[in-house]
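In what comes next, subunit A is part of two complexes: it sits with subunit B in the first one and with subunit C in the second one.
Here is the complex of A and B:
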């Protein structure tokens, strides 16, 4: 029903914008990753595999990438551990308060990322809220110094930020489960635990996969929480990239690392899409 | 019980933030004491902060314009046009939603460097606009799925041009999705830091101004501005729910976004 001119008018402008500001920059990132920096600190536009060689041979990059993935994995597990039971409770047991509670999970999403990371800093610091509280009630005599500037602080903060992201798709998946399936399972004599594990949980897996992907991918690329709360032992891969693009001035190597992250993230997205399709029964 | 604990976990930092913005003795120290409005007074006299607030409002305003003027056609194109590379286009548009901000920021930095563009608020606007087209597209596409096609057909049958139909039928019917998207884009842009971090010129946006101060140490002044931002965001949410309540049954913005991004379609 739509004319050719109409279809061109709605397609070409966004297509052009996306090409210029998304596709071309990704291609440039690809090109940069094969260039190098001269001793005079200028970009040399000749092709070399040096950046990738460095990436795969120098321990610091490997170790940091693995540490980032380990931090992201913990954030993912904790976000699911907090988000799943919450979503299950809201979907099946919250009754009339369901809508209100749902909004209450959403609201922290609207609170500035930076503000929340900062709030944890004021809580965890050596003269922060938590340490002074512990001393006030005489649980400890000296401030606990492992709280701030550690991977622990980064994992805690990122879990706080990404739990609502894990919650939302799980909740949506649970809400889509036809309630008569649950009733049928109960009527046929299954115990509540059996009903959960054999009916509800399998049907919620696409939501779990989506939530897990969100928490993992977004925390993997984070560089602000580690800078603010991580200390030397909480450095993540993006922090190295930031340094390479800043003080260290080695854009090509930074581009190579970013490109690896991009490839990793996109493969994870494909993987999670396939997993979701596989577990989608509707 | 579990739910209660999770809610405590989610709200504890926000509560601490607000309480300590009134704490005379500074950040930390339990219990809070010497309640004061002093930090707010200092904040209101702080020129640099308010200048950055102005910059952020400006950036957010233009980001909304860019994201909507390209996001609405993109949603229409995904809904009703067939063209080669459509699947790739959809994935590309939605990618910045799930991609860590550092990748979007850096790739744009390379573009501007390559094109010889000087970094300024304009480059931040372009960055935010590009990243947030995904939000406009998602929202408007969801709105289009609920649109009554018969109205558009009737309009065209009765002799209206496509242009007239678009302005008089399509857009008004998508009103709620568009307002919702605009509010969301505005708040997200006001808060954005990962992309701005790489595209910043001489003028700071509010999050970058706060970030600069955090690196130097923490003061309750930051609690105060954070509290104000929180109240501001909360107001935006309330406005949105008011609007939504009037046009019942329209989508749940934040949630829909997360779901769509996760499914990639």
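Here is the complex of A and C:
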């Protein structure tokens, strides 16, 4: 149908892009993860499993990875807990205000991530808005110091940032449910609560799975929120990777950690796609 | 079912089948969407065990009326009651009414069996009873073999039967059907019309069936309620609505007809060059003459007294199998549809009809 030249012209650029900026870097990262650093701070190009050995034996990497997953899991749960009711309300009860409210959920996405993270710093700091208020109303005498530079601050900020990402696929899934199914359920004698649990929720599962995956994967790899608000106890795995590629100058170990993260994330995406397919009936 | 009394007062029609207690009573129901008046002053009864069809063109308000009965819409004014109890104040899930939706609305994540059992499960019927009732319901619509299939894997006709089973398994007092056959092809549709009607006789539940198809309405119904732009035009048995249409609109909507606008003077109706004796006061009047009541007369046969006879040119002939619909233009420009059972190739014919077959109809004013 299209000429050979045309087909080449439209397929080569994207293929080249993917090769140069995705496949080659991943290949390099793969190679690096089996190399090592000499005492003279040069890369030794001989194959070794040392980096992986370190990764699985040194507590700091393990603990940080587990903490990152724990933070990501909490962000996922809170984003769903906020995003689902919001999406449900918007989709089923917002009526004419639907579009306006939808925009209000989307607009914060246009605000820079950094601005939002800094905003929480202003709110949660020891001289911050929240502490000042708490002392002003005499709920506390001294500033609460667990608010900032803690896993709590990281979870709170990431939840704020990623809730729209959980909201969007859930909203899309709910919008997809034919309203006559809800009517049919009512017609057959199901109360609104029964209708929700037996019809609406099961049919929204693909959206929930997609939203959960977004929230979990995006927060698992986050390094700005822990950097700005995490403090020593809120360090996440990406912060270690950043350090290893920067100040510590240990690219091989950094690459090994990155590769493990990649495997983890790809398996999660694979799993989530399987789940979405299983619950998709359209 | 006995004859039906239709009382016409102004433009309001209240109708019920006499001798039976009404199951559902609709009184003075009106509905407006924004500035758009969808229903005005609808009063209608549905008798126990009756098959009532709400017939109307698209936009006549028939689906809205059905949705008001089901509880998906609320009427702006008027009352609904079922067996003496107010229905309009109950949410849909508390009404002993079930609906078969136009697009079936089967739950896609449940099997056929789970769909059918849905109403019983949410009502917390004991599971042994649920199982046996599902089995019965599936057997009744011949879907037992597909019990474990998901709705997406079965054909439209099969989905239709599952939707029916899902509603009937709850043993409602009243079943509402919103153009359930419109998505089926013509043959399957005719087959389902017969099946649906015999199923209704079998289970003895009142059916309120919505359709825009007058043939379907004629085939299936005990009574037809003809709805026109939000008002009831006529409520009667198919036979009566066909042979005694109350209005010009009814006469034209139900089957073919020849509508004659005539002037009555001194007990005779005059329409162009035709005239016949009537028992109506002087003034304008409209008459409906069905094509099958107009006969083509053999050449040279003498006219019987009182019969209206005219000559005309054959303009068009449509072959319908057993009959033929012939369009005849009379000398004075009047156009008649004539149904014959076979006619020679004559270009000019003589036709006649008896004044008794010219049914006076109210000339329904155009409504917006």
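The rule is short, and it goes like this: the second predicted complex is superposed on the first by the 282 of 282 C-alpha atoms of A that agree within 3 Å, B and C clash if a C-alpha of one lies under 4 Å from a C-alpha of the other, contacts with A are read in each partner's own complex, and residues count from 1 in each chain.
In this section, contacts are C-beta pairs under 8 Å (C-beta built on N, C-alpha and C of every residue); 3 or more make two chains touch, one makes a residue touch a chain.
In this text the structure is predicted, and so the values were computed from the model without any measurement.
Chemist: Quick check for you: in the superposed arrangement, does A:176 touch first (subunit B), second (subunit C), both or neither?
Modeler: Neither partner.
Chemist: Does subunit B (first) or subunit C (second) touch A:281, or do both, or does neither?
Modeler: In the superposition, A:281 contacts subunit C only.
Chemist: Looking at A:168 after the superposition, I want to know if it touches subunit B, subunit C, both of them or none. Which is it: first, second, both, neither?
Modeler: first
Chemist: Given the touch rule stated above, what does A:97 touch, subunit B (first), subunit C (second), both, or neither?
Modeler: neither
Chemist: Answer with first, second, both or neither: which of subunit B and subunit C does A:111 touch in the superposed model?
Modeler: So A:111 only meets subunit B here.
Chemist: Just subunit B (first), just subunit C (second), both, or neither: which does A:58 touch?
Modeler: neither
Chemist: As a test of reading the superposition: which chain, subunit B or subunit C, is in touch with more residues of subunit A?
Modeler: B
Chemist: Please indicate which partner A:45 is in contact with in the superposed arrangement: first for subunit B, second for subunit C, both, or neither.
Modeler: It touches nothing on subunit B or subunit C.
Chemist: Could you say whether A:214 touches subunit B, subunit C, both of them, or neither, answering first, second, both or neither?
Modeler: first
Chemist: Within the complex, which stretch of subunit B touches subunit A?
Modeler: 2-3, 6-7, 9-14, 16-17, 20, 27-31, 69-71, 73-74, 76-77, 80-81, 83, 89, 92-93, 95-96, 98-103, 106-111, 114, 126, 130, 133, 137, 152-153, 156, 162, 187, 191, 193-194, 197-198, 207, 210-211, 214, 218, 222-223, 226, 229-230, 233-234, 236-237, 241, 254-255, 258-259, 261-264
Chemist: Within their complex, state which residues of subunit A touch subunit C.
Modeler: 178, 180-181, 183-192, 194, 198-199, 202-203, 279, 281-282
Chemist: Which stretch or stretches of subunit C touch subunit A in the complex?
Modeler: Residues of subunit C touching subunit A: 70-72, 91-94, 97-99, 101, 103, 105-109, 118-119, 122-123, 150, 152, 166-167, 170.
Chemist: Mind listing the subunit A positions that touch subunit B in their complex?
Modeler: It is residues 1-3, 5-7, 9-11, 13-15, 17-18, 20-26, 28-29, 32, 82-83, 85-86, 89-90, 94, 101, 103-116, 118-123, 125, 127-129, 131-133, 135-136, 160, 163-165, 168-169, 171-172, 210-211, 213-214, 217-218, 220-224, 228, 238, 241-242, 245, 251, 254-255, 258, 261-262, 265-266, 269, 272-273, 276 of subunit A that touch subunit B.
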